[in-house]
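Next, two complexes with subunit A in common: one pairs it with subunit B, the other with subunit C.
Entry: the complex of A and B
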């Protein structure tokens, strides 16, 4: 088990290095650089100063080398857009994204999986309706879902239409601030959770359908196990394998930040930071965001492996060997 | 069957709910938070106003921050000796209550208002002004304001004979004169003297600076900045200005600037009342939803006037950019560009691109620039036959009958035009141009690019033609010297123009004269000549000046929208809320 975890951690480290290095190089190679943020009327000396400060006069590989050496000492450079160290910006944004991602994941899990069990094990009107809604949620692009939810929130006033906190939270105490964040959370969390819940529902349903036709299910029924017990204790457990892999990927993807949802709902997370950094060619911020995204992807991958390890005895046996 | 029925019922319920939300005058059947109150009545102190913008600040240091938000924050938190009123465009006293000019207009003696104090309670003195100029012209600061506050390449200087008197020396006669001092924001010597001495002034007042280390002379002070979320600004307790009725300004207790990156989401939040006002005018496509919100009593929609800036279409006139491309032989001829101007039906263009909310123009100075517009600028009225005739006069005809004109060697007038991706009216504008130029045999293809790539292509002169709009910070042509002068950094049709055309040399001389002529009537005459030369040579083509509309919450009072940005916050101390 320890060897398994060490292997996964080594892979995670490689992933982070590869993702952040590629992000830095691709940003350098893309047309335009961060000095274009100074506008078409920037003075030549201002452009030269910015290029000097952000190592744009060095070759992309030279710049990557310098950055990697500093990053090894946890100095990820400065952001051009925010004129402050990248590490602080990423820490804050990653925390915000984690809150959003965990909420969305919880909602998607507690909605999608039970619905998948229902639709995978039953026929009839309710199952058809759930399937229909799932397909609808899957087919609407996240941009549209987010805008639709912002529109509904702004028209009805039932939920804040964007942001992470309200203006009123500026002077509020810790508990009031927390309550305020919780009021802002449903909108972006729903925008993220709806397609994910639909994905979980579809996958779970398919896995359930396949599982309940297995011989061991028929045998259990013959032994007198009730249908409900059969579903939860036998069929669901057995169907979890395919879910675990997707679940890990979903964790990684969610934690890396969804720039569309965060951008439209003005949630100050990693996805939005990455998008703004990319747009401005803010090279060190892009690399930092990519590194953090890589860490989250790696976490997702490890979680998926661990879930699979827990759910599938064959994996446990193979790992023990 | 049951499932189908259930599906129909659910769909019907969703549609009915959507219709209810959409049509309800104030949101969910009366649950909205807006009143149909109208502007008017006395203004009161107190309350907070929520404004919004696309991005947060890069710095709180005005001497190095060049972005739009830096300008807004300066107006909110800083002061200057005088200001240009963005409604009347007149110079008016600000921290200085009056001034005297020397006979040669080279020396101005400013008398500061008595009892001025920084937001932290420290007295404001003439030394702060002298310090600020010193900081701007410090080599290590490298402030972009050096160019603005120089005349004929030499810096404006100041000295302080006593604590309440500042003497400003212009090194040479200046056309814009005192207007230049609108950009002289005063920074506190007591907070920044050590940074200047240490050579770190440019890094001072970054966005991670504690608000207690900031001090200003504006109506508000920064209380909190949360990156990517908001800036909270509270009333400056030591602000100097009073309203005509003696009320201590600002009216508002607080201004909150929310960062809303998506402009569609921003509009929705403006309509819902989450945001009171934004930094910019409405996009053409936003007029209809804003008008609907006005009809529902949620927003006030103001017609600001004609924009002083218009979308520009130009060919790259840098010979090196075309290398051996023989099309440059006719692109460089002014008749070619004049033919394009004749070919475009500007009324139709206004209708199709700006939904009718625009007026035809023939030069870079629009009727929205009330100070410098010249109505008699040479014009090219829509005439397709004339356009064809002019093209023929330079050897361009459709010789092979494929609908595109070519020269005697068969080189077609077919071009790729770069523009910014995602800006609806740019893309519509180019589609309209393509349609209107087709009958005269000029073919253009639009290539929308992301902004960073577009600017890089422009600065590198790596394009055939471009369609774009540039903002401005002042109506005075002196503010666009970098565009007019062939040696300017923003002479965008010919970047790095080492060998200007004779007409460009003529414009260079006229603009330099305009910059150094204090007599405003003479300056206007000079600038008319510049506009005439531009219109004859058409390095850049302009078609219409759009009308500007501005929407804000009905609870906000005292808004005087300006054609320049920030549309409303330039007058922040006079804004109030019900």
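Entry: the complex of A and C
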């Protein structure tokens, strides 16, 4: 178990390093650099100073090496765009993305999984209806859900149509601020959660259908286990194995989806920051965002492994040996 | 269900191909008095033309006099008989351009990119995956590790990064080629990985030995005898990649990294509709969203009709 975890952590570290270094190199080798942000009428000494400050005079490999050495001591350099240390910017943005993603994941889980159990184990109108709605939601990717929800919000005024806080709430106390964020959260979270919930529903239904046709389910039924108990205690537990794998991938889907949702609904998260950084060729901010994204991915895959561990005794035994 | 999805897909492709004939107006003609005009009320033989009465509030009134509709005339499927009263089936956008015309022309770019990118991805992925699966050894090892790595990354960020580091302003033809290239570059490992698995297990079969004994070279064996085994897999992958690419184009154009806004694609049209306040008042600007939805739905119906979920995972939990 420990060795297994260590191996996964080593892979995670490798992922973060690979992703952030390739992002840095890519940005560095791209035509143009961050000094174009200064405008065409920038003074030569300003440009020279910016180049010096962001190591653009060094060779790409030299720059990468210097950055990596400093990053090992948790100094991720400065952002040109914001004129501030990258680490603070990333921490804020990553927190916002995490709030959004975790909310969406929770909603998708509590909606998608139970519905999947229903559609996977039953026939009839109800199941067909859920299946139809799910197929519909699956066909509306986050770009469209967020646009649609923004449209609905601006039409009805039920929810704020974008952003994370209102202008008025900035100077208010923290409780008012929290309430304000809570009012802004449902729209992007729902936009992200809808397609994911549909995915969970479809996969859970598929796993459930496969499981209830297995001999052990018939055997349990013959022993007199009630249908309800059978579904939850026997069939659902057995179907968890394939669902755990899905969770490991959900983190990738959440990150991809959150970029679009953050962009459309103006949620100040990691995806939006990465986009701004890329456009401005803000080298260290790009590298920092990529590193943070890599951390998210690594957390997702480790959590999925742990879930699998908890859900499937066969995996526990296999790794114990 | 499967048939319905297929029909829908064929219909979309037809609409894109027949765009110049179907669209009543050229996609870039600007009707200056029709900015944000709502769809014109349509009555089959005639339509009620709209007249701007308040430019600031974007208010239009329906003219009393109906304008006759011309079917199959002047090289168009349907068009207005009166040059001064344009037929705007889905209203007009912020420049007073016909949204319906832009939608059908936009289908050409959006579908064209995704079909071409899917084809290239399939060919490159099948070739590399086939060679790795057939050759085995170090080639196989390198390829598998590389595609494992690529599979972990959320592809939209990779696409975004690759596009963002290229010059932002390019002529439309170059953007088209660039996007196709980037999409294929990001997604071939997925295809290669699956093909590799199929070929690697297939080459152990007896018919391969028989083929070798009969004097077939490795290339011939691979292309003629082994590749058909991966046909089903390739078909499934194609149906999954097609909508993903449409969406990728839409996302890139939406955030301003795709086509310039003058070129009609579903993405640039959506970015035109991104103004929150306006979308609330002019919902017809969301028409490209409906088009994207229809394509994705059609593909999901086709895949679902085969009795499988649109998203599939193999035992390791990797997307297959």
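In this text, the second predicted complex is superposed on the first by the 304 of 321 C-alpha atoms of A that agree within 3 Å, B and C clash if a C-alpha of one lies under 4 Å from a C-alpha of the other, contacts with A are read in each partner's own complex, and residues count from 1 in each chain.
Note that in this section contacts are C-beta pairs under 8 Å (C-beta built on N, C-alpha and C of every residue); 3 or more make two chains touch, one makes a residue touch a chain.
As the structure is a prediction and not an experimental result, all values here were calculated from the model.
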Joint occupancy of subunit A by subunit B and subunit C, clash or fit: clash
Partner chain(s) touched by A:175 [first = subunit B, second = subunit C, both, neither]: neither
Touched partner set for A:304, first subunit B, second subunit C, both or neither: second
Which of subunit B and subunit C A:38 touches, first, second, both or neither: first
Touching partner for A:162 - first (subunit B), second (subunit C), both, neither: both
First (subunit B), second (subunit C), both or neither touched by A:147: both
Which of subunit B and subunit C A:276 touches, first, second, both or neither: first
First (subunit B), second (subunit C), both or neither touched by A:46: first
Residue range of subunit B overlapping subunit C upon superposition on chain A, of 92-100, 146-154, 398-406 or 416-424: 416-424
Overlapping contact positions on subunit A, where the subunit C interface meets the subunit B interface: 30-32, 147, 150-151, 154-155, 161-162, 263-264, 279, 281
Residues of subunit A touching subunit C in the complex: 15, 18-19, 23, 26-27, 29-32, 135-136, 138-141, 143-144, 147-148, 150-151, 154-155, 161-162, 199, 202-203, 205-206, 242, 244-246, 248-249, 252-253, 255-256, 259-260, 263-264, 271, 274-275, 278-279, 281, 286, 290, 293, 297, 301, 304
Residue ranges of subunit B touching subunit A (in the complex, touch as defined): 2-3, 5-7, 10, 21-22, 24, 27-28, 31-33, 48, 50, 55-56, 58-59, 66, 142, 144, 147, 206-208, 223-224, 226-230, 232, 256, 258-262, 264-265, 268-269, 271-272, 274, 449-459, 468, 470, 482-483, 489-490, 492
Subunit C - residues contacting subunit A, complex: 149, 152-157, 160-162, 164-168, 247, 250-251, 254-255, 257, 270, 273-274, 276-277, 279-280, 283, 286, 289, 292-293, 296-297, 300-301, 304, 308-311, 313, 315-319
Subunit A to subunit B touching residues, read off their complex: 30-33, 36-46, 49, 80-84, 88-89, 92-93, 124-126, 128-129, 132, 147, 150-158, 160-165, 167, 170, 263-266, 268, 272-273, 276, 279-281
